[in-house]
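Labels A, B, C and D are assigned to the chains in the order they are written; within every chain, residues are numbered from 1.
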Amino acid sequence: MQIRRKCSAAQLLLLVCASSLSAEDLLVTSLPPGRYGGDLVVAERSEPKVLNPVIAVDSLSREVIGLMMADLVHINRESQRTEPALARSVDISEGGRRFIVHLRRGLRFSDGHPFDADDVLFSFQVYLDENIHSPQRDLLIIGGKPVSLTKQDQYTVAFAFAQPYGPGERLFDGFPILPRHLLIGPYKEGKLNKSWGLNMTAGEFAGLGPFRYKEYVPGQRLVVERNPYYWKQDSARQRLPYLNRIIFEYVGNEDAQVLRFQSGDADIISRISAANFETLSKQANGVRRLIDAGPSLEYTFLFFNLNDLSNKSLPQIESKQGWFRDLSFRRAVSMLIDRQSIDRLVYAGRAAPISTHVTPGNKLWASSRVTPVSRSLETARSLLASAGFSWNAGGKLIDGAGRPVGFSIVTNTGNNERLQMATMIQQDLEQAGITVRVVSLEFRSLLDRLMTTFNYEACVLGLASGDVDPGSEMSVWPSDGSTHLWDLSKSGLKSGWQMEIDHLMASQMRSTDRAERKRMYDRVQELIAGNLPIIPLVSPDVLAGAKAKLKNFSPAVLLPYVLWNIEELYWSEQ
Amino acid sequence: MLKAALACGVLASIHVTALLADFASPVPFATQQREYAFAPPTHIRWFDREGGFQLRPFVYARVDATNVKRYPVQFFVHGSSYQLGPVTLDRHLFGVAAPARLFLLGTDGFGRDQFSRLLAGGRISLTAGWLATILSLSIGTGLGALAGFYGGWLDHSIMRIGEASLTLPWLYLLLAGRAFLPLGVPAASAYLILIAVVGVLGWARPARVVRGLTLALRERGYVVAARGFGATSGYILRRHILPDALPVLVTQAAILVPQYILAELTLSFLGLGIDEPVPSWGNMLAAVQHYNILVSYWWMLVPALAPAAVSLCCFAIGDALLRRRRAVPL
Amino acid sequence: MIRFLSRRVLHAFVILLLISVLSFVFFQFAPGSYTDAMRLDARVSAETESAWRTMYGLDQSVLTKYFRWMRSVLRGDFGFSFAYGIPVSSLLWPRIRNTLLLTSVALLVSWSAALGIGALTVVRRSRAVESVIRSSMALLLSIPDLLIALLLLLFALRTGLFPVGGMASLGTAHTVIAHTKDVALHLVLPALALALLSLPLLVRHVQAAVRESMCAPFVQAARAHGIPAGRLWLAYILPAAANPLISLFGYSVGGLLSSSLLVEVIMGWPGLGPLLLESIFSRDVHVVIGTTVLSALFLIAGNLVADLLLYAVDPRIRWEQ
Amino acid sequence: MLLETHSLTKEYTRKNLPSKPVTVRALDNVDFRIGRCSSLALVGASGSGKSTLARCLGGLEKPSGGAITFRGTDLSRMSSAEIRNYKRKVQIVFQDPAGTINPRFTAASAVSEPLDITAVGSPDERRERATYWMEQVGLRTALAQRPALELSGGERQRLAIARALIVNPEVIIFDESFSALDLPVAGHVLALLRRLREDYGLTCLFIGHNLTLLARFCTEVAVMYQGRIVESGPMQQFLTAPAHPYSRALAGAIPHLPVEWPA
């Protein structure tokens, strides 16, 4: 008995030595060496709400979580392609139905606890748990069946899908790996949803990201500090990150954000309006650097209510749907809109007019075959005339039945740009005798109209894709998508082209051949540009700024725009 | 007294100008001249480039790449047509011939003439201010007088409800109100409905004042005597209490009117303001709450002068009335 | 005295109950719910969204919701924040402290300014002084709240005299004194903004009250007796003016609380305001109602203090009761 | 008897927190009667309950106990119409000259107010009657359109008396109403009242603590002391042989006036 115990103790010692000595399988990047030290202050307009990646829904929470957690495979925000992260490699087999993920060895969570396949298994068990309702869960249902995981050894996990998964390993970006040793207890007690709220202490948290949770001062700030166990190194084999702390200060609104940045209290600014960006640029000096990263993945658009309203008792709106369903009408409206002026006046020239939903910011998927819409009052008028519309003595457009054509555009009040766009559209359509009324509604009231009561005629809204891959648009374009806003009733628009989109979107998700997927997605873009279920307007640029001393600062068009390479940022000496 | 008369005059002329906004403004308030976004106020000149004096004020305008021409300011010019009551007119007080533009107060981000918007905005703002003030004062007076006059449980419950209503988060009631208004309601009416709700909700403060006054007055000999003659409560309120409350109410109104005019700005901050393209003073100032506009375009602040003038006048009138009161000190 | 107090406390309790019920009912009118925004999230399916609705009890009747909330109030939680995933009470307490700090400083500033200005206009009866004060008050009243706050912010930015936004700078919390100084510096702008907002009304009422009491027969008599000005003020005029001013004080607390909402939002002061606004917009119902009930509590407490002061100062009140 | 009280009691409760409420008995079993055409002086020290009695008689306060009867009808059993009629028949003129007349009203409209309330006659008739009664109480008609605010205390008091008379009352209660009038005016008004008593059978109840004026005018007197009527009877008898100690003090304080009142 005694001998055996000794033996195992010796084995244990050996194991500890081995892991602490060399077996840390760190990722060595090609990054030129930077300089350690310093804090980074980020002024945010709203607070992060929860630090629990399983239930976080708001974007700021996810941004902060992104700093503290890591995923198996990561999408490089600059190249928009995947790169290895916690997984050193992924082997894809069985025609894209099976992923063998090889984990890095000897990595540690920010509290020093080792990381292995059990953490991966636990994390995905949590994400898949039906009782937790993680918002990410739906992404793991592929071909109608949940992904299944098997542990092959301590550092190898196999993922099996019911059908080939088109986007491939991009799936893993967005599934941060959870520390099993900390969360298994709350999970078993059914309290995982309530773990990692902002009332937690630093000791309750551990992650694999470059930073770890330090403190939260309610209503004021959230501080994260350098994770000493982080698994990336620069080319000089210095362990990243360089910065000591990141401080998220909560300042309430965009103007306060700008003021804080201007006064030098905040080091970075992002998601600012073009107007503020211009003002800051005008006052630019050597201390601050402002960067226009080009068109984002956000597309703003006008859309009409194409829902089936037969059981909603909204006769007023229903009577106008005849116009809305008329492609000539939609094309005429699209042609009447002065996108150049929107770009110039609303976005100070820092936006790109678009004619489909895939913006120029999407380097990998934007189709070159979609032609831009050119504004033409004459073409619009002839289109309308050929569709049976005419003009009365007062110059107002009337339809075949002699009713004057007019509608209201709803938009949300929190967003100044959308309101401005609606106002400009109002004037643009006026020129063809269409009377437009702009109604601004507070965001939830607007959503209620769009998604529950269908009590609206037209709406200006914007959507931002989470990723460049068409997989991220699956909730928008197929007719049964939950964000298929213009026709959530799924029955109003049983047209051929919509069926074709449904088919194309479903097929590209099953295909692992990138060229084929591209071909299919190009066709989707053409169909949308040609049939205008939405009338695309512009895509605003990603605008950001930082102190000039901050090196490696490189805003990207993918979320999170500026903090995606946080581990690489450092303060230069001057 | 002179000052009050002057204030009345200014106030009246502001109202008249707002009423005749269509005539006094050179272009319709909603017209976007997009190539002139954020244009500063046009320089009106008496002296030309050569230093020669012109009898008629004029503006310069570029006619092509190289040439700049003089355009005199004209009065009673033909322009876009508008309705003034039952008649359709197309005369405007002043203007310049195209391609020159005359922006007295510059333009906003869409290139809309600020001067025209200021005049048109007065209509909405003044209506809103008066409407809300009248509503809150009349409801406040009614309930306050009731509470003070009858006392007892009625007084108690009115005052408790008043206290509660001062603390209630009316904001989401307003949000709901805005959300439930049909889409077809024109922007101005939608806003007036909302400000009416705000006015109705503002009853508690005037009610308090009137209640205090009523409490003091109802013990006065002449009120007791009137009751002795068999006067009804309504009579006493009408003949004895309200006349005494009137100066107080006017003072209150002098404060409330400007406040309600500016309430629009706060409402639009909360997403409940007036919808584009209809202007109002608060709505025009709301643009300035964006930091970049505040620092870049000073003329966007000019609309603040209108409510300031109104409130100065209101104050002067209120003060004069208060001095005239000289009634029984309370 | 004790009965007076206990009756007022009972009233306060009834009001709070009324407010909580009305808040719930009104909130029911506001369209949309917390989970609506999830629908715009490309990752979330309609099924997940409805599962969240069930999880938060959003699909239940108002009555059930109210009683569930009441139960959690009795536990001391004040409900559960959907957005933050933690009990509302733990969200509220730290912010209440900040709001109270801000409003009490603003209260102090605005009242001393109002009393000073009120006394000045009455003592120095010069037309110039009066018209300067009147027009500046009118100007203050005619500048929208938002703009005052923003102009102050700009001023701070241009001069660099005061920190912009927030409540404390980083890394200054080494000593208590340094920390206090830092917070005080941050407090200047929001408190000033808040004080400026409430000043015109206060000045007006203070002037009226002082003028009335100066005209009071006993003050005239005292003046006729040749009582020196200082004593006249302290012993005669101010006590006579105290009565309306004390009740005004109680109500000004409420006014300040409600305008502090906006100032806090603009100035980035970490009080109840930003939390309330954000939770209204995100329909985080329990946070909204918790905040509402709590600010009502402060308002009522302010009125109660004013009543007690009146009770102490004015013998007539004791008679009436 | 025209107006009488039977064991009339009026109590006020003062919630004297935190101690127990204190009950003050302002009227204590008052039995009191006035005959038609009589004029009675109700005298007593301040706080003896005179004004309370007046307010009860005027129907402005509800007694806590006992009853008031008018022409034999119990006030508490009257219908509201009868009460209204009663209030017209019994008028009170108060002490406070500033408070009795709304300073905002013109003199004429203050006098005609009771008629306006009951809407008797046309506005012109009312105005006419108002000026008539103003003249009767010795006010110049030139004052008619002046706001009451600008009148002196004595003038306002006369307005109040004119206002009481305009409704043709049967009883007028003067609650210290003469203290604000200077002697010649008071004498003039008293002479008017005497004429009215003789012509129309007007009954007058004077409340005061100063018998100087009333001694000549009133035929009867009642003395109140601490909420009770301690002595009542004909004036002459009271002046010559007052029974109660307080009465003696009162009667002894009347100076001998050198002049005769104008008739």
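In this section, a residue touches a chain if its C-beta (ideal position, glycine included) is under 8 Å from a C-beta of that chain, and two chains touch if they have at least 3 such contacts.
No experiment lies behind these values; they were computed from the predicted model shown.
**Q** Select the chain at the greatest separation from subunit D, using centres from the mean of Cα atoms.
**A** Looking at centroid distances, A is the chain farthest away.
**Q** Of the pairs A-C and B-C, which shows more C-beta pairs in contact?
**A** Most contacts of the two pairs: A-C.
**Q** Please compute the C-alpha centroid of subunit A, do the same for subunit C, then give the distance between them in whole Å.
**A** Taking the average C-alpha coordinate of subunit A and of subunit C, the gap between them is 39 Å.
**Q** I'd like to verify one number: the distance from the centre of subunit B to the centre of subunit C, where each centre is the average of its C-alpha atoms, in whole angstrom.
**A** Between these chains, centre-to-centre, one finds 26 Å.
**Q** Roughly how far is subunit B from subunit D, going centre to centre by Cα mean, in whole Å?
**A** Distance between chain centres: 54 Å.
**Q** Can you check how far apart subunit A and subunit B are, centre to centre, with Cα atoms defining each centre and the answer in Å?
**A** 44
**Q** Hey, what residues on subunit D touch two or more of the other chains?
**A** none
**Q** Multi-chain contacts only, two chains or more: what residues does subunit B have there?
**A** In subunit B, the residues touching two or more other chains are 175-176, 179, 270, 289, 291, 295.
**Q** When you check subunit A against every other chain, which residues touch at least two of them?
**A** Only 255, 259, 414, 442-443, 445, 448-449 qualify.
**Q** Provide the residue numbers of subunit A that touch subunit B in the complex, in ascending order.
**A** Listed in rising order, the residues are 255, 258-259, 273, 275-276, 278-279, 282, 316, 338, 341, 344-345, 408, 410, 412-414, 416, 419-420, 422-424, 426-427, 437-443, 445, 448-449, 455-457.
**Q** What residues on subunit C touch subunit B, complex-wise?
**A** It is residues 11, 14-15, 18-19, 22-23, 26-27, 29-32, 134-135, 137-139, 141-147, 150-151, 154, 200-201, 204, 208, 212, 215-216, 251, 254, 262, 276-277, 280, 288, 291-292, 295-296, 299-300, 303 of subunit C that touch subunit B.
**Q** Subunit B touches which residues of subunit D in the complex?
**A** Result: residues 58-60, 84, 87-88, 91-92, 94, 96, 98-104, 110, 113-114, 117-118, 149, 160, 163, 167 of subunit D touch subunit B.
**Q** Mind listing the subunit B positions that touch subunit D in their complex?
**A** Contacts found on subunit B: 220-222, 224-232, 235, 239-240, 243-244, 326-328.
**Q** Sort out for me which residues of subunit B touch subunit A in the complex.
**A** 30-32, 34, 37, 109-111, 175-176, 178-179, 183-184, 186-187, 190, 268, 270-273, 275-277, 289-293, 295-296
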